[in-house]
Amino acid sequence: MPTGFNLNYLIYLFQGMGWTVLLSLLAFVFGGLGGFLVMLARISRIEAVRRIANVYIQVVQGVPLLIILFIVYFGLGILGVSMPPLVAAGLALMIYCSAFLGEIWRGSVEAVPRTQTEAAECLALTRWQVLRDVVLPQAIRIATPPTVGFLVQVLKSTSLVSVIGFVELTRAAQVINNTIFQPFAIFGIAGVMYFALCYPLSLWSRILERKLNVGRR
Amino acid sequence: MSVAVKLEDVHKSFGAVEVLKGVSFEVAPGEVVAIIGRSGSGKSTALRCINRLEKVQSGVIEVCERQVNDAKLDLRALRQDVGIVFQSYNLFPHLTIAENIMLAPRRVKHITRAAGRALALEKLAQVGLEEKIDAYPEQLSGGQQQRVAIARSLAMSPRVMLFDEVTSALDPHLTGEVLRVMETLAKGGMTMIVVTHEMGFARRAADRVIYMHMGTVWESGSADILTNPQTPELQDFLANEL
Amino acid sequence: MTYQLDFTSLGAYWPQFLAGALTTLQFTLYATALGLVIGIVGAIARGSHVGWLRLVAGIYVEVVRNTPFLIQIFFLFFGLASLGLRMPIFVAAVLAMVINVGAYSTEIVRAGIESVHPSQIEAAESLGLSRFQIYRDIILKPALERVYPSLTSQFTLMMLMSSVTSQVSAEELTGAANNIQSVTFRSMETYLIVGLLYLLLTLLLKAGFWGLGQVLFPRRRRLGTVL
């Protein structure tokens, strides 16, 4: 006979929430590093490099995260490396983030007027100096609102790693529901927890966006 | 160095459109040359070819003893010798005026921050804007921004300065302050090539005037050609400018 | 340990792969059509003069956009089941997708509506058009035309997201893959094939939306640029 929802379950959910946050941060940091490289490759002067990066983005954005997750999970198994689910989950999310962030950031870099690059090049700066001192500082301002917005996407995406048995918030909710079967209450609470993480970021992104638009006028 | 800048039979096309159809002229060190002409005459393109913002299809461009059209050209060395000021100023909006001016000297010539600031102050004094050293570009008027852009170029101690319609984006009452800075620079012996619509400036400051028409040098000579044009096209152009 | 990828044993399962892909496509088409309707209704509600309507639409959009799709499905599927309400998985999956994509569409369509200049509406009013006519001809049509690329990329994302419905045993492409790998034990090969199939579906959908756009919005085609 299933018992009701109690404090232990709530604590279990909060622990899951902690893992969701940690996993999101891992995915964002490593995905960000990867995304930076993807962005650099997309604006490279070498056409082959640009093409390869583009194929990478198209493939990652054209396949569900769930499938990427399975491929990484079983792929690591095939390679004979026994890894905790955290690594497979982190790696899959990193791949996913790198493609999306790379594309967001490429757009931001290209939104910096071409004349800025031209002026900097005419002052004899190297390509890297132009990027670091002139383009990136301006691109960061443009990139911040969509990047914060993408963070919401990352948080929500981490729910998928529950399918390979990693106990984050969604998995924790599932485990509890399997015991006491009160889906409305449990998934409702989990939903509220996700909302509490995501909504402030959504708002923040919108405020940043508005500020940026005002600044540009 | 007997010739600062030399163009010889330069051809340049954008796609199927030939913009420069065999342009040739020379500029001696210390000379101030004004290039005038209608929009679409190729005058800005010719200027941009000199520091290789545009690559040409054929012809010879020689700047400070460097072959600009050479594949082995050290582009950054060329850019150190040639400064350029644009119509739209193109200051870096995220940097203060001081930082705008010292960025390139610090990165390229590796001077210290203190020396960079001293240099910025010196160049700002030259354009009369010392008090704006810590302002951001958007706090300045168009004319002031353009003077800062000139100071920024000067800070790299170029041997040749290019000016690409630098007053065209300015309100009429702001053009004067920019033109005065340029005239002072001209008197100081700077080699200057100035693409401009300001006939008054050409008359006062230019050693030589080049009138470009349909992608070629149509007529050139001392500033006298502005009062005594030889070709009907230049006559027509001057009549419309005034 | 060396592992040899072996796709031969999967050859016999191509009908299952195909059926899964077709189901995914079916899910997507239903959800696109219904999601667009919700998007338009939601966008109108978001811009309505009626306070509570605006509020309800606003809450709907924010709740959906700030919680994971997987949680939404579990809530809906297991929640309704706990009330004794059993519906076919197909219906539950499409319902969840429609609710989800409807919220995103609402925001996209709203952005399109807001980009219609007020002077356009004034001009229409002064021509004596009714409110319904103004909404249909002056506001919605140009708005949809403008946000068509964002809408279609959202629908493409939703096709990819439909893979999540496999978690409540929907038999779409990912669900088919889960079944196939559980009997063949060729997990890696199965998911590689399915990944490729999704990639093809993505391309197919993009091409389809592009073609549809050419037919629906001849102005865009003639101008040859984004509006």
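Worth pointing out:
The chains carry the letters A, B and C, assigned in the order they are written, with residues numbered from 1 in each.
Convention: a residue touches a chain if its C-beta (ideal position, glycine included) is under 8 Å from a C-beta of that chain, and two chains touch if they have at least 3 such contacts.
The model shown is predicted, which means the values in this text are computed figures rather than measured ones.
Across the assembly, the mean Cα position most removed from that of chain A is the one of B. By number of C-beta pairs in contact, chains A-C lead all other pairings.
We define each chain's centre as the mean of its Cα atoms; on that basis chain B and chain C are separated by 54 Å. The mean-CA centres of chain A and chain B are about 46 angstrom from one another, to the nearest whole unit. Annotation: 21 Å between the Cα-based centres of chain A and chain C.
Across the complex, chain A meets chain B through its residues 115-116, 118-126, 129, 133-134, 137-138, 141. Looking at the complex, you find that chain A touches chain C at residues 58-59, 61-68, 70-71, 74-75, 77-80, 152, 155-157, 159-160, 162-163, 170, 173-174, 177, 181-184, 187-188, 190-191, 194-195, 198-199, 202. The touching residues of chain B, when paired with chain A in their complex, are 51, 53, 76-77, 79-80, 82-84, 86, 88, 90-94, 103-104, 107-108, 152-153, 156. Residue ranges on chain C touching chain A, taken from their complex, read 1, 3, 62-63, 65-72, 74-75, 78-79, 81-82, 160-161, 163-164, 166-167, 174, 177, 187-188, 191-192, 194-195, 198-199, 202-203.
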